[in-house]
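Both complexes below contain chain A, partnered by chain B and then by chain C.
Right, the complex of A and B next:
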């Protein structure tokens, strides 16, 4: 009995980690855009759904692996077009306006998704061998879940490597601190912001493809994931990508555990965590001093 | 605008509101739509107390709107409360919640404030969504309706007579809006505007910023919860969507659409938004795209809203 209980707990912690990895993947993209451009991209969930549906459409032609590779950059390409057309004129203005604009975009995305692919959820095929369980004792360790964790880890690792070791990453990091100086030093800030936006949307698209394999696919998939991503950023601390990653994993595990002990608080628990963090440390766990003002 | 022009404008708004149930029919509306405009107008104006006059970006006001709605609905359903005590109870519940959450977020600003208010708004949504036994969950709280008001000497049947309910709502609207105007005209209100214009300067002048922002947040939430309570009474129903973040976004776009730097702007924005939503949702399934397009167009082409445009037009 005790062993079964511990298995249930372990299952939910693991599940929470996976969900948290989604939150983190999505929140990292949001965080990138927010840190460099001061834009809260409310349409991020819409991009996630788009990535998932693009993969769904592509799978019959190029298979799961092809879709996994191709859908995120296609999503990012659309993101770049939208950034160029609609968001770019709002940089440097009151954040109210970019928030309202992306809020409206989120409405449009959800509606258009419903129009094209239908309001009902659709099945999302992943290769059968990925769905088998790896261990008879730990039944929840299906190949797909482990595979997902690996992909998320690779994506996050890749993002951090790009930020740390490439010229582009260095410029993004510098721009986050002081965009005017970066501009004065001869960097094309417009291109920098676009590329940064593109990377953020790429992460959303990737999260979408992976999430569809686990949660199934419906037009509201993005709307359901965006709020926890906000919480992940707030808990982790504004301005810190590492904090965002940590925040995402933490709230994932917290809601996983709540699902065992307090099922009706599965969603609410992450907001309680956010309240506690704000109470003792308003800038978030790894947030830099002075950024919140 | 000159003082005379302001007075004339105020008088025009009052007259339009006073006779709305009568001219509404002539342009294809109906009394319930008029009531909805007044209620949503009150919500948008309350939000604007914080957004337009204190300069703090809250994106989570639906939470307090919904708490007012649930508070009033539950008071009637479970406690058998009369209409006015029910509104009072809804307002108290929401205001206490705003006091607590306000204390947590009062030191945050800008995008961070916006994000935290959005996220906090969702707590109440999930509570209402999950607590089936008490709130009716996703189906909403049904099995109750607003009750006629007995003044002792007279009886106002706001349940059967929808014009009577319109004037009841308008009276409450007038009290709340009058109170907000009075507050904005006081030294306290001037300090809020000073914070909006330049927070650092206001701080140097000795304005206790955090305390003022907190108070402004609480006042704003108090009045938005009155609007929420009226909204529940209007529909004889409330559900978790009255608490959800998309409604918060709608309040903000109403304020911006009408003009958030002017006192009446949000009311005008609410009238346009509510009428449009009513028209569009009865003509097409894809009303979400249309509403989304309104957001995009307002931000790109009318960032200062209808009244902001009129004002700069008058200046030129």
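Right, the complex of A and C next:
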């Protein structure tokens, strides 16, 4: 009995890491935009849903793999248009403006999605060989989940590599610390912000395609996933992408552990965790000093 | 420069407050649609149009509109045209549903109130309609209390009780797949009563509850619950979650290969999630409350064609719920020859729906003293494909609702009529 219990705990912790990695992927895009531009992008879930529905539309023509490659940049392209038309004029203004704008955009996205693709969930097909369990004992390790982990690891690794080794990444990191100085040094801040926004939305689009393979695809898919992403940022610490990654993994594990001991609290536990972090270490686990006012 | 000043103003506190606002806004009501004819008899529909139950709510709306068109083509209600006033109740916020119900009754002066898909919201709305003395039809909120312990003289229900659904499917499950059941249950009124109905019905046949988890409404990840279920080694894994939650849970269970280790089943299944599932996940034993493919049953084919003409798809149980609900209003008014709620409620006691509205093999009638419609339940298996593209369910048994419903005494309904 005790052995079975410890096995269930182990399974749930491991499963929590998989789910947490997915939350982290969403939260990283959100965090990237927040850190450089100060935009709390409530429409991030809408972009996620859009990525998923674009992939759903593309699959009959170019297959799952083609859709996985094409849907995220298409989402990012739309994100850039929206950034250019609606968000850019609000840079430098009180964050409340962009907050309200993206808040409204989230609802518009959901209703437009409903209008185009219908209120009813649609079947999202992924290759059959990905849909099977890899081991009868570790049955929760399905081909799709392992594939998802690989993609998340590649995306996160790629993001960190871009930030560390490319000129664009260095400028984004520098801008996150002091945008005024970066601007004074001759960097085109407008372009920098746009590219950064595009990368963030690309990650939302990618998360959307991955989520659609795991969950049912309906217009609310993004709304259901956005809150854990905010929590991941707060737990991990504002201003730290590594913290966001850690925050995502931690809330995933906490949720998995709650499923063992108090299953009805699997969602509540992540907010309890956020509350505890805010009480004990308000700047989050790896957050920068001075971000709390 | 102003453009980097956000850091001085945006803070974790702003982020936390914003997150809280977003969470609260999930329950806000963003959208109001109204369609009102000149001085018509008004029917107020307070049902989800957004959120996890949006698809169910919209199909009920389609059914309501179809009935309304037919009623108006036949001269309306008591010679007056009938109109529908529609409000989005939200999927899960009772406060919004109640506020919309009050608005429909007080401002729009509706003669009938319809709703809700969500059981908890149906109960909350019933308090309001009873207080105001308005006839309410609940198209698709299943918790037993609506026509049980919390019944009201003015509240009638079209869909089945959770007890009826449980009783309809339990015998088939135990006979074919075993006695040990594990439950994944939505954590609100509907789920609680459905599980307790299943446990009771299975217990009477020697069934045993070997475990279960309560999942919050709108849960995204069901893998933890599935791990717990697998560890309990049941014969049957019962999914009581609904809507998008059902879709997520089934999709993940099939990805885990659980269908090869344990039989997947549930007491209530709907076409909406079945249509959203990939073919390989359309499996398991369930109860549908109405099905479009009923060869030989009069009037069903015409209803299916009319729905297809309007929406391009076959009707679901939700379409039929909405259709019956609006027709019930018209038939009650006609029988009572009045729009007075008490007169209409009395006229509906033991009232049998005509075959062109009942659309099923068994008689459909509102049981007196409880106001619960007793009709047919369709037990069977979900299937990847059938005789037609939309034939996603193979019916193995049609159960007469009157035979599986608990007695009036057992229902707990003690109806008090206004003096």
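FYI, the second predicted complex is superposed on the first by the 287 of 293 C-alpha atoms of A that agree within 3 Å, B and C clash if a C-alpha of one lies under 4 Å from a C-alpha of the other, contacts with A are read in each partner's own complex, and residues count from 1 in each chain.
Rule of thumb we're sticking to: a contact is a pair of C-beta atoms (placed from the backbone, for glycine too) under 8 Å apart; a residue touches a chain by one contact, two chains touch by 3 or more.
Computed from a predicted structure; not experimentally measured.
When both complexes are overlaid on chain A, the residue A:225 reaches chain C alone and has no touch with chain B. In the overlay built on the shared chain, the residue A:40 is in contact with chain B and with chain C. Of the two partner chains placed by superposition, A:13 touches none, neither chain B nor chain C.
By the touch criterion defined above, A:112 reaches chain B but does not reach chain C. Of the two partner chains, chain B is the only one touched by A:279; chain C is not. Within the superposed three-chain model, A:162 lies out of touch with both chain B and chain C [touch as defined at top].
Note on chain A: of its two partners chain C and chain B, the one contacting more of its residues is C. By the touch criterion defined above, A:267 reaches both chain B and chain C. In the superposed model, A:97 lies in contact with chain B only, and not with chain C.
Of the two partner chains, neither chain B nor chain C is touched by A:62.
Common to the chain B-facing and chain C-facing surfaces of chain A are residues 34, 38, 40, 42, 93, 95, 99, 103, 106-107, 110-111, 227, 230-231, 233-234, 238, 264, 267-268, 274, 278, 282, 291-293.
Remark: chain B residues 51, 57, 59, 101, 104-105, 107-112, 114-116, 118-120, 122-123, 126-127, 129-131, 245-246, 249, 252-253, 256, 286, 288-289, 291-296, 298-300, 303 touch chain A in the complex.
By the touch criterion given at the top, residues 4, 7-8, 11-12, 15-16, 18-19, 34, 37-38, 40, 42, 91-95, 99, 103, 106-107, 110-111, 114, 118-125, 128, 131-133, 136, 139-140, 142, 144-145, 178-180, 183, 189, 214-220, 223-227, 230-231, 233-234, 238, 255-256, 258-260, 263-264, 266-268, 274, 278, 282-284, 287, 291-293 of chain A touch chain C in their complex. Of all residues in chain C, only 1-16, 18-19, 21-23, 25-26, 30-31, 49-52, 54-55, 57-58, 187, 213-216, 218-221, 223-228, 230-231, 244, 247-248, 251-252, 254-258, 261, 272-273, 275-280 touch chain A in the complex they form. The residues of chain A lying in touch with chain B in their complex are 34, 38, 40, 42, 86, 89-90, 93, 95-101, 103-112, 115, 227, 230-231, 233-234, 238, 264-265, 267-268, 271-272, 274-275, 278-279, 282, 291-293.
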